[in-house]
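Let me begin by presenting the structure, written as structure tokens, before commenting on it.
When the chains are written out, they are named A, B and C in that same order, and each has its own residue count from 1.
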Amino acid sequence: MSFKKFDQQTFIIDTANAYTNRQISKRDFLRKMGTAGIGFSAFGLGMLGNPRGLRQGSMLGTQAYAEGLPDDQAKWLKEVGSKFKGAKIRYSTEATPPSVVLNQIKKEFTDPTGIEVEVEIVPLEQVLAKATQDVQGQLGSYDLYYLDQSWISQFQPDCIDPVAYYKDKPELAMPNFDWDDFSKPLVDNIAKVDGKWMGIPFDIPIFTLMYRKDILEKHKIAVPTTYEEFLAAAKLITEAEKASGVFGTGLQAKSGHYSLECDWSQAVWGHGGSIFNKDKKFSGNDPQGIAGLKWYQELLKYAPPNSTASTWDGQFEMMHSGQVALVQSWDEFFPGLDADDSKVRGLWEPAKPLTAKVLRPASEAGFDEQPNLGHQGGSCISLSKYSKNREAAWIFMQWGCCKEIMTRCTLIGGFAPMRNSSFADPRVKAKAKVGAGTTRHLDTVKWIIDNAMATEPHMPLWAGFSTNEIPTELGKLLTGQEYNGDPKKCMDVLAAQIDAKVKDAGLL
Amino acid sequence: MVSQHLRALAVDAPAPRRRRAWPQFLTSEHPFPWLAPITAVIVAFGVYPLLYALWLSFFKRNPVTRINVFYPTWNWGKLLTDDRVWGAIGHTYLYTIIALVIELGLGLAIALLLDSDRKGYGLLRALMTLPLVVPPAVTGMMFLLMLDGSFGVLSMGLVSLGLWSPAHPILASSGSALAGVLLADIWQWTPFMVLIMLAGLRALPKEPFEAAAIDGATATQAFIRLTLPMLSKIIAIAVLIRGVDLFRIYDYVKVMTDSGPGTATETLTSYAGTIYFKNADFPYASTISLFTLFLVIVTSSIFIKLFKVQF
Amino acid sequence: MQESFLQKRLRDVAAVLVVSLFMFPLFWWALTSFKPTSAIFDKDGIVWFNFKPTLVNYAVTMLGKSRAELAIDSGNTFGVGGASSYDSRQTIIDSLIVAVGSTAFTLLLAVFAAYALSRMRFRWRQAYLNWILSQRFMPPIAIIVPVVFMFHYLSLGDTRLGLVIVDTLINLPIAVLLMKSFYDDVPVDVDEAAMIDGATRLQIFWCVVLPMVKGGAAATAVLCFIFSWTEFLLSLFLTNSIRTLPVKITTFVTSTGSEWGFIAALGTTAVIPSFIFILLVQKQLVRGLTLGSLKE
């Protein structure tokens, strides 16, 4: 199920347990339930005699886990923020955990500052479409953009450099924001284009290996560490478990969707290839690229047939319902697998991504592409040049990305944080056990971010290529519509298309 | 004012020439004031955007600088050589024709079935209109769930009946994806045809049928020789309206398959959508849409002339 | 033609079977709205009835409850907290406002225009009619970009008024052609009789003819309402904070799974207003669907 359940679940369970074990009084129990947004109004809370009021947050889980913003930041928020009281800022985002959590706790921002925040949560394709429309006409309908890393090159001209802005406007700067705390690889690959900042890293779904330890034990398979081992293991499991309908692996191979492009590019990188070579030509059709594609085609045989109609949420469903045993995909899935009503609770384990025999060095790849082991799908949050409420939006952006709030988001959702301090925070480490909102995969994720993060090329046409041309042709190949299963034909066609467009745009 | 007219008209003589208070085209006798508001709305929000889209189609977009350069033949030339466009045209026509034939046939058959005054048939006819009021985007999601390769009730049903292999999920196999999308459309719009046919059937005069019965004609003969010809005018209009809508189909394809697998279900409007939203190439997307409009106008004009449709 | 007893029974059975077949998806959909997720996605088989029915999906979408509240109530512990972005009450209200608004506006424009087209003969009448019909041929995609920019400059972007205008534009062709056919049904003698009695054109229209086409106007209203209620593409791109129903439903797809339970609940609820409308004006509806060519 969606990650959203864990936050509330965990808090309620913990509190209920505490009450049952007589660790807290009935009054405390009711008060905590109240802060979780259940039944009681603020007035009622007041009646129950909550002396601290709701300063420290009125939403889920926060009272149990939160320590509130540090005093200097809270003071800044109130003083500087309330200058813009009454402003309304808006941003459009995909329903990834950090955004959803921010949407839930935004009241903590609105209360001291009086700035209203409206978060429009839509599927990823719509986010791109609406952002594109907005910048085309410089409409300013959004104050902040949520930009997937594959689009940042395209939108860079429309965003304000946050670090420069921070320096230029000290009167609006949040004290102790600590820019250096952000994980450097994330900054370089999600928030910078051509060495210039254009946003603040916001979320980092990244490929990691995940496996069902019970199924692997049952068939006495060791956790695969190479692409060949993975294929062999998937094959074994699928054949052995034919009767019970369990498959070795599940893929997000939906035709024409970005998810297929992600799977494909990882396969290519893992076989020593890259998407563009250093001459800025498409190189998915060179021997390494073909080897990767062939591997993927082979893998598809051992995945549920529905893979070619599934994006990441279909893949998650396969994992969650117990249909598959081994997956190399987004780490964001992990907390959801441990949810309370999950059939597979506690059965999935994280592992480092598969290793490649040889990786193509970044110097051999074009457009700042970084072939590596863990495909990242991170996003940043950016301030729009066309925003009509620039200062108010800037204040919200700083608040949303400050240490405390980002750590809190991780606590609530169990997903990988952007800041090194969040990784090290004791509250986060405390949740590294099986259960909703678990953080037990975060050590693996941090390792991947620091050592094995792979990034797609950054160029203005990439958003289109990765969501249209590439997954469409791949889809034709994988579903048998064209090319007769011949990967070279498919890649050659794609190369022709892409090279022509790149040349035409004058980027060669 | 009324009495003035009265005096003028009551005498059966040509009315004296009055000096008009308003110029003629503003009086309520002239169509102008009646049509002006609606014409204004259509021109402002229908014609102007269309002209803008046409103007846009003559520009070539530079994705790096985002500036559009005047280059009239770029997009139109691209259109004619783009394989996907021709594939889309094929799919669009295929989809339209198959859907029309099935919806018409089924619609007529079901109308004949439900055309009875017995008890309960009224309720059956009312229930039959339900599919029409579901938003197409919702219908798409409904069928997406039901046709899901692993968990869908329809897929599982077909598999357990041995009619379908689980290795080829319906919406993910290029051969059957179009059929899956068609299923949603047929479910939603056959009731439309049913309603129309029903009305047509109910308006048929009884005499010819009674005469035919006396002459000893069978039910089938009466149907072919009498019913069909008398319904032809209605059928023609229904086909025109439904056909135009089918040609512009977007919701089902977008929600269920997103033009996939590969491009097996890509129609003209869904391709325009892809170019618009994913590649942000607005001029080219405009070109494709205008081309679609052009095809619709041509095809329907041919149809109207051929079948002498009147409205 | 007289039917034998057997034929009658066969027909009854067939009729019920066919209608049931068409009702099945709706039934399944409504059933899904009461299922917890584990019953929706069971890989081992179709879950018909052996699941614990839950009202969670409706409570979250219709009553804006957070799952946490219900968790405490029911003793289950699945939860989502805080302001539920699945709360769809505002969405239903917005969709209703836009649909009713555009229906009213469309009718207003159409009744006048259609009267003129029916009663007055002028040279370019047929051409004008063709032009109006051709508006229906336009794929909405073609006009998105210009309309978005236009609305932005007119400050109509993200407003209900903007949506009303767009929906009206799309409904006008059908409304005009339809109303015209209803007016055509009213014999011109009525007009002439009133004219002899001394009424002006406007009075004839307002006091005499219009009341006679009330039924037709009702049918037109229903069609306009249905269209506006179900419109997706333009509503998606012309609004940010205002969500109409079809758009809202597509936002239930998240990066970690689509919330099918909520989709089903909202979808089932979406059917109700339109259906009520249809029941009220069933007879005239058919007339509407055939552009009035059918004299009933």
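Rule of thumb we're sticking to: a residue touches a chain if its C-beta (ideal position, glycine included) is under 8 Å from a C-beta of that chain, and two chains touch if they have at least 3 such contacts.
What you are looking at is a predicted structure, and each value in this text was computed from that prediction instead of being measured.
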item	value
Middle chain, criterion being Cα centroid separation	C
Between the pairs B-C and A-C, the one where more C-beta pairs touch	B-C
Between subunit A and subunit B, centroid-to-centroid distance (C-alpha), Å	41
Between subunit B and subunit C, centroid-to-centroid distance (C-alpha), Å	15
Averaged-CA centre spacing for the pair subunit C and subunit A, given as whole angstrom	37
Multi-partner residues of subunit B (each touching 2 or more other chains)	150-151, 276, 282
Residue numbers of subunit C (touch at least two other chains)	41-43, 145, 250
Overlap residues in subunit A, where contacts from two or more other chains coincide	129, 136, 317, 321, 323
Contacting residues of subunit B [partner subunit C, same complex]	1-3, 5-6, 9, 27-31, 34-35, 37-38, 41-42, 45-46, 48-50, 52-53, 56, 110, 113-114, 116, 118, 121, 124, 126-138, 141-143, 145-146, 150-151, 153, 156-157, 187, 190-192, 195-196, 198-200, 202-203, 209, 213, 219, 222, 233-234, 237-238, 241, 244, 248, 250-251, 255, 268-269, 272-273, 276, 282, 285-286, 289-290, 292-293, 296-297, 300, 310-311
Subunit A - residues contacting subunit B, complex	125, 128-129, 132, 136, 154, 157, 254-257, 304-309, 317-318, 321, 323, 460-461, 463-464, 467-468, 472-473, 475-482, 505-507
Complex contact set, residues of subunit B against subunit A	62-64, 66, 148-151, 166-169, 171-174, 257-264, 274-282
Interfacial residue positions of subunit C with respect to subunit A in the complex	36-38, 41-44, 66-69, 71-72, 76-83, 85, 145, 148-149, 152, 157-158, 236-237, 240-241, 250-251, 253-259
Residue ranges of subunit A in contact with subunit C within the complex	1-5, 7-9, 11-13, 33, 36-39, 59-61, 90, 92, 94-97, 100, 103-105, 107, 118-124, 126, 129-130, 133, 136-137, 139, 141-142, 205, 245, 312-313, 316-317, 320-323, 332-333, 336, 339-341, 343
